[in-house]
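Labels for the chains are A, B, C, D and E, by order of writing; each one numbers its residues from 1.
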């Protein structure tokens, strides 16, 4: 239990109590995550229908050189804790300092900003790691005319499928421009949200079984943790729907109407995800209700046992008490069948009470 | 109980934890349902006011040949697990690959997409099977100028009434075009939602009786299952309202203003269905509330029995205990009417307590 | 209790589980109510400022003949189960078959449809019958240039006040056209909703008293029934607000701007009714809350009695038990004041515990 | 308690079960309040920057005569039960009969109606009387070009501050027209709502203390009464916000843009009042929650006392019972230290159980 | 507990029961806070890219003189209880009396008003003082073409960071005009809201632990206090979001499009803050739910102990009672192993009941 709680706190990285870089001037590039110590790694894929190049530049100059006007570029920047490097890279790519600030601010809420020369978006990549824990990774993407620049916290990402499709020469992705690549990456992010939903669904189902079978207080805590988890995930996922809607309706020339058709599909998925999260919320509230009802049911059972035991034996104890009295004149004590008669009365009472409780469905 | 739960899970086909075809390129035609093994069967009805033809084409060529420009065509494709066949059929009919993907994706949320040459809609057909279980079947419809193409998971459907009306030469449907057929099919789908509502209503009424008569924990579980069922059905039905509204207001030339008048009727039904689902939701919450109140009422009753028994006999037991003491000097023990006197006191106490509890309305 | 429940079900005529006329072609005139066996009765009032005629036509021809272009006509059709007759009447009056279908469909949700030549509205007339039960009666009204046609299920209605005002030669209604008559009838319907509200208010107040005085489980059931009743009535009344708003803003020439001023008043009433229903809903939830709190209060009282009785007499019983032991060496038994001393101790304990419970406010 | 309830019902004058003047023609001037028997009193204040006149006209003619085109008039009509008088006054002032109907209908919901020549508004004046009870008084105001006509139920009102400011020759109100007077009166009404809010706030705080200190069932009833009171007050106050917004945005020439600036301030206050009412609603729900939690806490305490007493003395009673048995062969009875030993065992058990309960934090 | 409650009331300064300055004419400058006795202190910072001046004017004349058209001015007015001074200052600066009224009204809800020559905003500065209590301070800001005038209740504020950045000659703030200064101050206010959120978050986490570990009634009270605190803070913070949105979209020439880009960032933060407050609200409701569930769990435990003790010893007491009876003929009493046999039976019963309770998971 405690470990689960612990894990959640670490993995969702305290999304609610960020303290912004107070007293810094706006536009200051400040990495807000836990410093990973790892260096920033840049990897570039240039491609068109015919050609594909994989470049691992060692310096900003090499990045500069790798640009080729006729190819679509995917510039992947993994590790964003080296602020100076990012700052220089931003200048090289001609990005606004406010954009860079948001790109490395791991606490930034998902958003989309349209500039004349590029579109800038911030997302949360949510995926399950090997320990089946939900990992949230900050991700920023810049779509320019010929390239997509991706800033991600860690090297792990959800883009392997896209990479495979780029390598496959006959794939549709090779025939299209940077906007389609942007869509493909966004699609991959949203697709992974479904895996998260499934994980939540499994948790709900297993909690449902626990509530039915063994409603211990731990289960109540788990339900509350689940509710909190759903709240936090919704907070990371919900803004994406609006972002995609804005992309679908954008006037920007960077996104072709063809690609918008595909984005509409992503929009559908976002609606679906939001609906599911809403349903999970209602389900977790139902779980708690169910838990409370099971609790009070258990209480009822305990009370019944007490009532039956006490109601049967307290009167009997009274009767035997009567004949334990030491009065001089107690004729029953001297009857031949007095003792047997008392037993008879007591057994009759015992049976009578059993029948009474049976009739009340308490047995 | 468990079987009911089991059934629900199977029939509503895990609507909440779909894992999308991650890492496939968008537009890939992938059947998402449980493979039925059955082949795809196509059946065509061509008709106008005078003529009616029933065709069961054995190949794509025959489908091609069956097209006659002066007749309205209803092309019914039952069984959508054969992806290659569907892919070819789609090319034959000139459909966008994204449309085909949605047509066979049994997890697709209800939606409507307007293209220049056709209107594409996805729905869920909900009906009760012989075992009075709710069955959800994915259904896609394409309305072109002269035909309606229906993609459905299984051969079973809710369209027999429409077929009868087409066979009837004097029916209005024979005098109108493909858009009216599209409306008639949609109307049949929505009409069946009412049967589902009635089924839910019956379930609520029977649960109501159970809550009143015998509020066992099983009843609470059934109520929670009901709430979940309503949530899931709402998810499948609710989007239809918006879809029909968009059809009523569409600019597309494929739907005549005459047919829009009829669609307005369907719109009315959709509003009604959504209101009913909302009311069912509130009713199921009331049921749970009622259950909890009955539970705590039962607890009260148990406690009253315990309290009455204990409050009457514990003091009496004390009294007989007094005269069971072995003190040398206990004058009462030697009185002639001591024993009778004690009985008198005890009966008085007994009656007094009965009156007291009676006055409290506990008896 | 059960009878109340029974009554409700009958009177509100299962508003939630209508099964629409599945598999019938749209536009088929099908009466959806319980067949009354009664014939359709038509009565006509023709009037202007000077003249007033009461006509009870025996055939469709007589209806036709009664039309006089210079008089305003109120054609009242009571009893709508004779579908053939209604169908012919509709043709005579030039009404769309879809209108007729809705006119006799007693399950139709309140709505307004504007056509070029007439405005068609469906409402629910709610009134209290002699047994103070809420009766819901389906009603359809058609406003043409010179006449209002009213279709109602039963002969009983809420229009007697309007009839009186028409008979009164100096009344404003005689100086105005069909649209004012339409307004007057609608106003009469909405006015009766206030009587229903008052009835609900009385029910809430009497339940409030019951919850305060004697919160038996029956009261909880009554509260739940009330909640359901409010839900169902809201369903019948709520759409009227929107309908009247549309009439106020209509472009149709059938309603003069003068009459719209009066309709604005009806609109005000509708807003008020909806607010009241909302408040009744919150009040019935408060009632249930209050009931639960009273229940748990009663439980507390029961527990206190048990605790006081047990806490006082169990220790005393222990003490007398001690001196009922048969040990050879129990010096106290042989003391002269042993017996008295024990009584002294016991009385002290008794008093002490009473003081303790008093201090806890349990007595 | 009962008296409080009684009072509330009287003072808020059954706002929820008004039965409208059914079967009367619309536009009939019908006083809906409790007849006060008092005559209608009219008092007029005419003023401009230089002049101020106080007129108490005895007849309609005198009202007519008092009109002077160069002065701003405040015509105050107190007592609206004399329908004929009001009817004539309305004709004199040129008011629409529908306006007069609303002016004397004490059940009328707050509203604003704009006519060409005047603006008509209905409000509820809420104030605390000497017994610190909330009094609701119906009030109607008509703003014409040069005058404000106020219809109020009773002579008491909240306008004394405004009267003082008018008397003060240097006040801003003297330099401005009728629209500013209208604003000043509205401002006085809204300002008094703050006093009502403060009263509610005080009630909540005192209930809070009662819930903390002594959660008797009466407190629960008071909380429910409070909830109902807040509901009813919200119903009277909430529409004012919208009314003021419409005044701020009105196109009517009767209100100058200068005065609108002041009305914007009133608008701010209305927003604040609505927010506060919303917060009070949540607070009263929290109160009930707190009450329930305190109740169940008390129950816990009662149960603990019972459990401790019973758990300690029932086993001890068993032990003494053992040595009260009359078997021939009970060696312990004849031991020299048997009696002392039993005491030892019992004291040990007693202490052990005390320690156990202590460890559970039950003592 | 009580102290906490006390503190809250003082610090959040009774935000809900303000009694407005009833009967004062609108536009009267009336300080609504608790009089601090402190004088009004004005301090001015004039700066441009090259120059920076700090001025502490002793009179209104010196303020007048300090104005220099080529410099951006930050005029900070700390202490607003001296109404006459503020009134004169307002005249000097050319401000509308209504603006001044709002500037010193510490109860004023956050708002923004645009005038031709200036933009006027009211905010609440929330910060934690040394005792980690939330302090709310009323703040008004006026943006003119070349200056920002700040009215604040106390000398303490959240603007030290901004002052530092102004002192730093190379900072961006020095190169920009008054609108950027306005943004910077607003940004500092909003940034401090995050500190408040973090404080609430910490409170929730510590309450969570208390609920898990030791759910005493005090914890319930603390949760209710938290809920109230969140309600009150939301009331102070929520309007800011709308205010910033209006600034972002303003047509006013006072705010450059460049600065709007920065304001969009503040808008993002406001959205985030509102979302967090919403989540805190849900979390505090979950806390209460958890508390109730833990309470009823504890009750269950208490009941189990009682039931186990009573169920075991009451039957045993009955048995020893039997052999305490004084019948002449009780053969068992004379058996050699009678006493031992009874012990055997009793131990068997004891063990049997233990096993039974174990099987029910009560031990």
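The criterion applied here is as follows: a residue touches a chain if its C-beta (ideal position, glycine included) is under 8 Å from a C-beta of that chain, and two chains touch if they have at least 3 such contacts.
Keep in mind that what you see is a predicted model, and the values were worked out from it rather than measured.
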Interface residue overlap between copies chain A and chain B, same or different (over half shared): different
Rounded Å distance between chain D and chain E, as computed from the means of their C-alpha atoms: 27
Chain A-chain C separation of Cα centroids, rounded to whole Å: 44
Where chain E touches two or more other chains at once, by residue number: 292, 296, 299, 303, 306, 310, 314, 317, 321, 324-326, 330
Order in which chains appear around the ring, chain A first, chain B after it: A, B, C, D, E
In the complex with chain D, residue positions of chain E that touch it: 14, 16-20, 22-27, 98, 108-109, 111, 113, 214, 217, 220-221, 224, 227-228, 231-232, 235, 288, 291-292, 295-296, 298-299, 302-303, 305-306, 309-310, 313-314, 316-317, 320-321, 323-326, 330, 332-334, 336, 338-339, 342
Of chain E, residues touching chain A in the complex: 160-161, 164-165, 171-173, 184, 187-188, 191-192, 194-195, 197-198, 201-202, 212, 261-262, 264-265, 268-269, 271-272, 275-276, 279-280, 282-283, 286, 289-290, 292-294, 296-297, 299-300, 303-304, 306-307, 310-311, 314-315, 317-318, 321-322, 324-330, 362
